[in-house]
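Below you will find the structure I want to go over with you.
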Amino acid sequence: MTGMLDLPFLLDVMGRLLAVLPMTLALFILSISLGAVLALTLTWMRVSGIGILDRVARAYVFVFRGSPLLVQMFLIYYGLGQFPAVRHSVAWPVLREPFACAVISLGLCTAAYSAEIFRGALLAVGDREVEAARACGMSGFLLFRRIIFPIALRAALPAYSTEMILMVKSTSLASILTVSEMTGVAQKLIAQTYRTMEIFLCAALIYLAINFVVARLVGLLEYRLSRHSRRAPVLAQVLHE
Amino acid sequence: MMIARALASALLSATLIAGAAVSAEAKDWKSVTVVTEGAYEPWNLTNSDGTVGGFEPELLKDLCGRMKIECKVVTSDFDSAIPSLVAGKYDVIMDALSITDDRKKVIAFTDPYAATPAVFVADKTGPLAKAPGTDTTIKLDTDARTPTMDDLRKAFKGKTIGIQSATVYSTFVTNNFKDVATIREYKTSPEHDLDLAAGRIDLAFDDATYFTAAFAKAENKDLGYTGPQIGGLVWGPGEAFGIRQGDADLVAMFNKAIAEAKQDGTIQKLSMKWFKLNVVP
Amino acid sequence: MTWLTLFGFGEKGWGGLLVIGLLVTVAVTGCALLIGAVFGALAAWAKLSPKIWARVAGDLYTTVFRGVPELLIIFLFYFGGSSALSSLGHLFGREGFIGVPTFLAGALAVGVISGAYQAEVFRAAFRAVNRGEIEAARAVGMPLLLRFRRIIVPQVLRFAIPGLGNVWQLSLKDSALVSVTGLAELMRTAQMGAGSTREYFGFYIAAAALYLVLTALSNRVVDLAEARVGRSFRRRLA
């Protein structure tokens, strides 16, 4: 708290934080990909019509959405490592690594949220479109690829972009597993200098920038997919005639 | 990036206000608010009825009696303790706070009431159980390499060492072992114990008072000290109360009371009770 | 010590403190949701407005408060709020430090974040309202406010409830971060228990279980609310 804007200090902090940006991005990209694959599986289980699969997927979503990610990470990393059976299993070379555990716990958690988003999007596909396609003789995979998937994707994108932004921010928890990512480094710098707000501000700007890019990219995709239904802001016509 | 810039200036002005708002004024101290973590057994802990106990709260009670002031103890997270003290939320920090040069730039310290040694811990049955110097005590005044450290460096070559991040110990271990061993930094001490038990790391380095209590737990029965107990000025003068830099009168009051408690054996008595170890500086 | 005595309600048990922590968590999240509803509705209105400055302001609010890590916003309200109050106090001749109560700072911070998410929920719900129905209402001569109250609000609410359920879940977990300010909510109580008794897994599992109980209860509430506001729309499901 010098009372003055200390530009050299802020630049130094920025430099140190940007040095670990690749780690934050790697955590995000790997976990969101893992999460998407898992989420598609879970969505399929939910709509499969097979009772037991539906039940399992429901339970999964309940547990991973219902408890804090911090606790999940702690239990997956420190908890699993306490069982000799886990330590002697083939999975140990992977589970031994903090980075791998961070990606797995982030991926498991985002899968639960994404599965709900995907399911909601699937329900948004109108019966009329599906019936029309069937009437034209489409079925099976072709029906899914040409009709259901594009419509569902468009419906899922707004909520999914929110989920992606949440994941960017969630990577900050990986520092409790000794992974050196941006928030962890920021906290270390704070412990050395006690300039809490300035350092957190630098970190915030970087997260904001990443999220801005993520949101714009998804927004662009959404815009491209909704060419047929563009319209002026609705409230304009409804409230302000 | 317009958004980012607008946010930046808004946040900065908030910080500037924060800096300006704290005014140092001479006070007639009748009561002080003391913040502690209440989650760092045996230094300070929370009982199941919500009250605070441990070495430091008992010491504080004694000191406040000597100073004839009222001490209100509140608990908060360690991460926000120093910024909160500076902002004026509390008057005193009591949380096994080591005196360091970095911290001295931001807050003032009383005289230390404890100075604790630190030690390596490894699997009792493993190859690192009896590192050079086990069961001895050495005093170091600086990070400078000594023959003992050279022996340890040889013994720990290629191993992974766990330490608690942002402590005097993490600086020491980094300076001495960074080029021969892998170092992993943990947010809290118990986490390196868990990873030691899981075999993800080979050694952990931390405060002796921390390990004494950790060894009492059944799940840590395989862990034991290895290498010498390291004490001395390398860890700085010791653990002390943290007080705002403007409040020199409060520091003086505490120093007088600490000196008396040291003199009449109160600190040693409490130290033996809670640490089973004499940590009087 | 067995888990039963450790987490029970006896003299040595942490059950009582954990339940109090649970209630504090519910209280913080509940207040945050209400604060967020006000901010969220305003921001949604701004984002749908034809005025460019309103849309920019709305976008700025939702981008910043969704894009910045929650912890920073909590710190900002906790420290920034107190210093703003203190300097205000100086203006009126009050010396010294005025602190924002941790509960208030926490509820405000989580609330403002929650508002950014609620804005998106309200906006999407508004867009889902069938425009034909609004036009029909206009055609029969309903004035603006009545149209808003009778046609728009009930339908927006109906579409918004699942989304609001999600925001509640998010805020519930954001409230765990308020523990850094020392507010003894569920997470901080569990951490204190863990650090004081060194039963780390026990307390983390207990915290997870209690959060799951909260989730199960809130899912029930959301289902009930959905059924209630969906009463007049059931024919579509038949």
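The letters A, B and C name the chains in turn, as written, and every chain counts its residues from 1.
Note that a residue touches a chain if its C-beta (ideal position, glycine included) is under 8 Å from a C-beta of that chain, and two chains touch if they have at least 3 such contacts.
Given the structure is predicted, the values throughout are model-derived calculations rather than measurements.
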{"item": "Reference chain A; chain at largest CA-centroid distance", "value": "B"}
{"item": "Contact-richer chain pair [A-B vs B-C]", "value": "B-C"}
{"item": "Geometric centre distance via CA averages, chain C-chain A, whole Å", "value": "20"}
{"item": "Whole-Å gap separating chain B and chain C, where each centre is the average of the chain's CA atoms", "value": "36"}
{"item": "Sites on chain B at which at least two other chains make contact", "value": "3, 7, 11, 14-15, 18, 20, 79-80, 83, 194"}
{"item": "Residues within chain A bordering two or more other chains", "value": "78, 82, 196-197, 201, 204, 208, 212"}
{"item": "Chain C residues counted as touching two or more neighbouring chains", "value": "63-64, 68, 75-76, 79-80, 200"}
{"item": "Residues of chain B that touch chain A when the two form their complex", "value": "1, 3-4, 7-8, 11-12, 14-16, 18-20, 79-80, 82-83, 86, 102-103, 105-106, 162, 165-166, 184-187, 191, 194-195, 197-200, 219"}
{"item": "Residues of chain A defined as touching chain B within the complex", "value": "1-3, 5, 78, 81-82, 87, 96, 98, 175-176, 178, 180, 184, 187-188, 191-194, 196-198, 201, 204-205, 208-209, 212"}
{"item": "Contacting residues of chain C [partner chain B, same complex]", "value": "11-14, 16-17, 60, 63-64, 68, 75-76, 78-80, 82-84, 86-87, 90, 95-97, 99, 179-182, 184, 188, 191-198, 200"}
{"item": "Complex contact set, residues of chain B against chain C", "value": "3, 6-7, 11, 14-15, 17-18, 20-23, 25, 35, 37-41, 45-50, 74-77, 79-80, 83-84, 87-89, 188, 190, 194, 213-214, 217"}
{"item": "Interfacial residue positions of chain C with respect to chain A in the complex", "value": "45, 48-50, 55, 63-64, 66-72, 75-76, 79-80, 117, 120, 124, 126-127, 131, 134, 144, 148, 152, 162, 166, 169-170, 173, 176, 187, 200-201, 204-205, 207-208, 211-212, 214-216, 219"}
